[in-house]
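What follows is a set of structures to go through.
Shared between the two complexes below is chain A, which pairs with chain B and chain C, respectively.
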Partner chain A sequence: MNEPHNKVSISPVGENKPRIDAREKVTGAAIFADDLQFGSALLHARIKRSPHPHALIKKVDVSKARALPGVKAVVTGEDFPGYIGLYLQDRYIFCRDRVRYIGDPVAGVAAISEEIAHQAVELIEVEYEVLPPVLDPEFGASAQAPLLHPDLAKYVVANFIFPEGGTNISNHFKIRKGNVEEAWGQCAAVIERKYHVPHIQHVPIEPHVATARVDETGEITLWGSSQSPFAQRNLIAQSMGISQSKMRVIAPFVGGGFGCKAGVSMEALAVAIASQVKGRPVKLLLTREEEFYTAFVRQGLTAYFKIGCDEKGRLLAMENKFYWDGGAYTEYGVNITRASGYSSSGPYEVPNIKTDSYCVYTNHPVGGPMRGFGMPEMHAGLEQCIDELAHAIGMDAVEFRRRNCLKTGSVLVTGSQMHPTGLPQCIEKAAEAIGWGWKAAPSAPNKRRGKGLALMWKAPAMPPNAGSSAWVELAEDGSVSVGVGGQDIGQGVFTVAAQMAAAALGVPYESVRVATPVDTRYSPYEWQTVASRLTWSMGNAIVNAARDARQQILKTVSEAWEESPNDLDIVNGVVISFKTEREIPLKNLVIYGLPKPDGQGWRGGPVVGRGSFMPTYVTGLDAETGQGERAVVHYTTGAQAVELEIDLETGRIEILKGVSAFDVGKAINPELVKAQMEGGFVQGMSSALFESLQLRNGAVQNPSFVDYRIATAVDAPKDLQAYIIEVPQDDGPWGARGIGEHSMVPTIPAIANAIYDAVGVRLDGPPFTAEKVYLAMVDAGIIQ
Partner chain B sequence: MIRNTHPTLPEFEYIRPQSVGEACDFLTRHAADARPFLGGTDVFVRMRDGVLNPKYLVDVKALPGMQEIRFDPQSGLTIGAAVNMNRVIAAAETREHYPLLADACRSVASYQLRSRATVVGNICNASPAGDTLGACLAFNGVLHIQSSQGVRQELLSNFFRGPGKTTLQTGEIAAALFLPLPHAGSQGVYIKLGRNKLSDLSLVGVTALGYPDPGAPSGYRFRLILASVAPTPLIAKQAEDCLAAQPVTPASIQEAARLASEACAPIDDVRGSARYRKQMVKNLSARALTSVWEKLNRRGQNDISSD
Partner chain C sequence: MTFHQINLTVNGEAEQVVVASNVTLMRMLRENLALTGVKNGCSAGECGACTVLMNGEPVNSCMVLAVECEGAEIITVEGLAKDHQLDPLQSALINEGGVQCGFCTPGVLMSARALLNRNPQPGEDQIREALVGNLCRCTGYTRIVEGIQAAAAISAAGGRP
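== the complex of A and B ==
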């Protein structure tokens, strides 16, 4: 698949092309879902939500709400019996019999204004029988816990997810490799630790918004801020009991996703309500508070690690137990549990390993995908254990990682072999750039400095057969339109799509446009914009589509010129012959074709190339051992290092420097790759220092930016460096792999290791707030 | 429990009176459901949250004198209630005579917010976390309050009664803040501890001001006022007295900081624990007082050299 074209060196791949959407976004011209105008027919929706973390619904009385002037529809779960969910169908659109988290939708209203809808919601009376909640995943997994999904065993589920009916465990992923029990005896040092990683939220600048219209024939149109228009078409259609062809999703620009706009969350609510007011568009815009506790959140994690090595520092054994706090519904979260299981060794070769990764239902907000898909949470503890283990045998932590890290051909936790990887180079680069082994004096007597480093790996987590498709169409002027179904969520993928299409076809980048907004009626299929998979998977589809178009063009020209297509190429929008040095620009020819001599007719015609891509080589894993031939398509690897300073009088941490080095296979657009590394570092840093959803009895105590703090530009280190390593990927376009999520995976442990280096304390989990650091220093007797 | 916040602002009627009399009348007549506002940065947020639900919002920004900022070299600075914080910061008189107030204003939120938010609004809102309250107290600020009965003047040290509670009566409007001339040689510091660097509310705020006073045994008087560690801004009287009574040394500063920490009664909340806040009062009071003391000494040296 690599080297898809080309005899030519003029290629925009690898160049820092300006972002294709920059002008629109900077000038404010870009259209987002909330900008769309629907005129006076528009109705506004608000949702009646459960105030209890766990209760049975005894009675819903909507009569007063219905009677309120201006109210056009009130719906409840009675109206919508279908389940919905991505990997596990465990959710109704509106609750029917039971509520499982504070915020669970019980009824919905459409009215002529948001305020009237709000008032109507207040008039809905719901009688509950309150039940004891599950607020901790470890307790939830135990036999004492109340059952939250008595029907778990009956739910429709993907064949690689293993729910345990009769419990709250909606997925149990296992690794059994080698013999852990025997290995402990050979270990010179063993570290055993427990960590807790709290829930956080994605906090996109643009909250979730969806507008739905159902016409008289039942055809549905949904406009939304979405990472997954096609998955939404599929899942909502299934749940509503209609054909996918009757559902159309239009997805304009997205103001930040980070995973929370993947799959289906509130969009189904808008569709369901709209189905009761045919012909009228119904808009649902979440408030920031609702964004915090009713959209997807990142699951909490309680993790146990036991890791041992021999006296030479060779990792011998690992025993890991992960209790994922999946929340009320784990339709998406079950696969996070799986991903963390098949990656549970971290980026290391470990001969003996036993992992149990449990997805547990709790009465917390619904866990879902977030940048990193379980990897930041898992690495948070693992990469601290690695540091501690190195210290325990008196070895430098970087040297320890050098020895144990995955190299090309290493045996993976799932039993297969590592593909070519630049992880060792990433370590060297990060260590060198941070000045590993050298400590500068603190900036003031009451401060302490430290450095820390951590590694990561992550594969795209998805069904084995997640597909992409693309088309490439040319206009009279020779300009190119690329149709894709993936979404630009700020990561720059439209730019990269245009670069790849231009390079594969042989036209200048500037003459390529991406056909947006994504519209499931006209755009080609894409599974979802998740898993850092677009540059790689959609990229492969684009290359195939461009190649198809190219063949059509070269066929026409070669016939006209009576030359072999092998002697022809397209360079800079011009078909050239290496043999005869003839040339002809693409314009006109790509629509009208070329005339045959002497008025004998024409050849060719409008050029439309099509291409698709689906990995066909991912195999299953044994349910008992987690072993298999190829668990995933590939792993992106990398390293981060930080230097920080801690104020002994307040506990405040200042990140002075952050360094990232990732092996992206091939940087299609190096500046965009670096931007991902920088952005990921800052988001990782924010989750390390500030972020947590403070849950009490299932209620989020800080559902707004007043008390959910995130890093701003001034919190970011002034010195932020990013290094690109390129060891090509065999199944990627030009050798590319993903980088979108990876850059926030190792940040928490890199910072934790630096805190330890600075003051000698370890905390049981993020966020490492000034308060926690300060009090830990007091408790450790470091300060009085 | 969750609060069902309004998707947008609830409905209200906007009232813009032309005179103080008209405004006070209106507020008196609609005592239960009218509210004055300035920048609205507290009012609108609380309305959307469903905490406040006024039928009428009375915009008092256009009333005579409300937009004025006036300095009288004989008496002091008068800041009209509607003067926003960016104007307070930008005013030459503030910078020259009350730099502590400018610093405190600068610690509030962001530039954008400060172009709406007012110092008087900060005072009337009476949040213990209000960042400008300490500076205004340290300068012995006086609030000019208008009502149908006329004008009354209230010392700020008497004004705060609890979170969101003040001595303001129905129908009264705060018209201006008056800050008397500071004592000669005053030096001040505001330290705000937020969870991250920009635009957080104070977890702890420490305002310290010092000036030479030959009448004090130590030769100096200090003001020390704490934010977010009591139901109202807390004047750490014992700490202030401690530094007046004995020579100012690193040890007496530590002792004053300890007294301040003892005097405060913080609570546990989502922002932080009482334990941490208490310790931060100690550490940051010491830091603030030390910094003021250094400034006082630097100034002293300059005075000598300029003799």
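== the complex of A and C ==
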């Protein structure tokens, strides 16, 4: 555990400090990317997009658009030959030869007004040769499907992703552990099910926006709403063929991300257009409609589960097949396939397991990272199977989970051992808080009540060597600036960063600020704000930077006082000696140092602490078996439980109560942790009850808030409870591990299990709309 | 395209603005008056991020044309605090943890201010109803509702209305 031991404990870690950014945000002063002012130099960009899910581009004629007064640049794929992508470089910035989804960018325009840019886009003429589309991942994986990426075998790819050239399978992840065929014979009960989880959208309230300017020397500045300024610097520079140091990304506050502002989605479009009109900032702001199908969406999933246990309820075997609907480009999505593979046992110890997880190209919108990174989709089916299996052998579903869930030292699906975990405590807390085993009477005769519970686990899914860095600087008055490259996307990580820096350095929380906005020219490197990894990874870097600053300060003072640094400490912004009880405040000495006696000069100088962190112990997994020593850094585990009521006359579900219990290792700021659990529960609930991108022949039918409904204040349960379990993480700051994404992972199956408990029906996938629930009840003969 | 000169009051100050006939109140506030606390979430009147008070009533400023605002009195989130003293709603939202990414926050605050102006002591159901037009993707709404309840309690105890 990375825990600095100050001798006198005055630490804001574990305290509910108010958000560092709250005042700016409630007064309207907080600056988001669309709020930046560029004056009259600003040009507005619009994108010409493919109307076909799959077609060859025969001809692009931009002459009329170029001739329109007020148009300053028109670009097409001809101008940008470089590939781009995070784990698999499978896309161009603008399409060059082929379009692969409705919305694929074909050309871009910059003009002096949005209206002129819009008119110019309408004047661009594109001739297509329409091709048959792939609209289903199982079909896409078959030999009959048309090939969407004939060059798949030639794409640059990370060494832990396994594309199958000559097919539409851009990653095939396998688990082969034990012997499932032998195990089925020993099972007292086996459940086999197929589930479908539809595409959904992240729906940040702030749409994607990027403004780019390329100066005469070719240096690029990009201002964007971004979870990944450093990844954008790297990927866009690579694709454009320039040095990373000539690409600068500035990222102000993010108005919600949930994954869709990670990696590169639309930002490269703005940069590409700006490169043709040097010196002028070019802004691309997605419309809400574009947001629904041209930014990342959550991949669809068709999942097959076969799970068996013995008569005592011990899980013996599991066989899974996942077909991920990766969409037109899977540069990011390939790793979702991998993550769901190495987590495919769910949070259980299963001796025999066989998993095939396929990432499949389709002509659907581009699948990408979304809060949970495949885990909500996978757990949706898995955790219902666990309930059904418990029922099949006549065991209580919570008792079944108690017996099979991962405990400290359990053998994982990848062959390694589970680190210390509080999952059993999470189960007990969730069951207790929901009143498991006890059913209240419904509120009306035409209603039925039910309770459901589900577990989850999730690891940060990232390259093995994703790194963080931080610096800590002090001003004349002893106040502290913390430099970070991670982003506050609402989760509160800047607040947590300040708390950790204050605690590790020995200064009051109130004297710490975080140096924002993140700017790749001045901020320290951070891989990306994804994977719920910042509190843990960036936190370690901050602790190391603060410790470095502290050592510099104590060295100066100990030399001046002729004392051992071991007898000194920094408490509340004052260096103190336990031995001599001398004291000196940090102010001035952290800049000017301390004078030597009798005018003999000075010692010390400006203090700058630096720290970095990178996990060095993550090993690879065998390509054929998925077995390896340590596949991931850690797993956060937890449980959710719901109580709901179903109206028999309408099928409408009301969530009465939602309970979350997660093992976060250590809550640096408990109220912020609980806020993540609450918000994640409601986002998960919204995906369970309402959300689905309605795709017909590749076209999204409901790209607006009227037709794509998300949970409102009246849908969210009034009774939301969150419980923190703390079993420390060995390499986390103060023992902390992540929580941001996990809170929406078990929500779909918890609700599905409660629906079954209430009325005895199961649906093949979310959303559990009133209509679907009503018809399922009719089919089951529960109502006429 | 025709241009119009509009006289109106924004956050207590008289303003005179020249705008094109197709410019919305949202764009005028953001682009002509630099009140970027008014957020653009959908430009279609569906998310509520651009909510302002127009003559005391909450409106989606993306659905109001600037030319409709002749003589109107507009309050935006920037006008809630007086002399650096936060509105009780702003303080309560901070204290109760009702802020995450902050993008829906200005609109939520304006809807809540309108609610408390017409009903100083709303029940939980009334608060949730008043927020139906303000989408929030981060908080799950609980802490926003608690913040509004706390602000109502402060106002009842003699705090600034």
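Definition applied: the second predicted complex is superposed on the first by the 783 of 784 C-alpha atoms of A that agree within 3 Å, B and C clash if a C-alpha of one lies under 4 Å from a C-alpha of the other, contacts with A are read in each partner's own complex, and residues count from 1 in each chain.
The definition used in the following text is that a residue touches a chain if its C-beta (ideal position, glycine included) is under 8 Å from a C-beta of that chain, and two chains touch if they have at least 3 such contacts.
Please read all numbers here as calculations on a predicted model, not as lab measurements.
*Asks:* Under the stated touch criterion, which partner chain does A:E164 make contact with: chain B (first), chain C (second), both, or neither?
*Replies:* A:E164: touches no partner chain.
*Asks:* Count the residues of chain A touched by chain B and by chain C, then name the partner with the higher count.
*Replies:* Counted on chain A, the partner with more touching residues turns out to be C.
*Asks:* With the two structures laid over each other on chain A, which partner does A:D35 touch: chain B (first), chain C (second), both, or neither?
*Replies:* A:D35 sits against chain C, while chain B stays out of touch.
*Asks:* Taking the superposition on A as described, I'd like to know which of chain B and chain C A:V121 touches: first, second, both or neither.
*Replies:* In the superposition, A:V121 contacts chain B only.
*Asks:* Tell me the contact category for A:T287 with respect to chain B and chain C: first, second, both or neither.
*Replies:* both
*Asks:* Just chain B (first), just chain C (second), both, or neither: which does A:V714 touch?
*Replies:* Both: A:V714 reaches chain B and chain C.
*Asks:* Applying the document's definition of touch, where does A:N702 land relative to chain B and chain C: first, second, both, or neither?
*Replies:* first
*Asks:* Taking the superposition as given, does A:T27 touch the first partner, chain B, the second, chain C, both, or neither?
*Replies:* Once the two structures are laid over each other on A, A:T27 reaches chain C alone.
*Asks:* Give one of first, second, both or neither to describe whether A:T650 is in contact with chain B, with chain C, with both, or with none.
*Replies:* first
*Asks:* Would you please give the residues of chain A that touch chain B in one complex and also touch chain C in the other complex?
*Replies:* 285, 287, 706, 710-712, 714
*Asks:* Within the complex, which stretch of chain A touches chain C?
*Replies:* Chain A reaches chain C through residues 18-19, 21-32, 34-35, 37, 202-207, 253-258, 285, 287-288, 489-492, 671-672, 675, 678-683, 704-706, 710-714, 716, 718, 720.
*Asks:* What residues on chain B touch chain A, complex-wise?
*Replies:* Of all residues in chain B, those touching chain A are 1-8, 10-11, 193, 195-201, 203, 270-273, 275-276, 279-280, 283-284, 287.
*Asks:* For the complex, give me every residue of chain A touching chain B.
*Replies:* By the definition above, chain A touches chain B via 44, 46, 49, 51, 102-103, 114-115, 117-118, 121-122, 285, 287, 289, 293, 649-650, 689-690, 694, 699-703, 706-707, 709-712, 714-715, 769-771, 774-775, 778.
*Asks:* Quick check: in the complex, which residue numbers of chain C touch chain A?
*Replies:* My answer: residues 30, 34-44, 46-47, 49, 76-78, 80-81, 86, 90, 93-95, 97, 99-106, 109, 124, 127-129, 131-132, 134-145.
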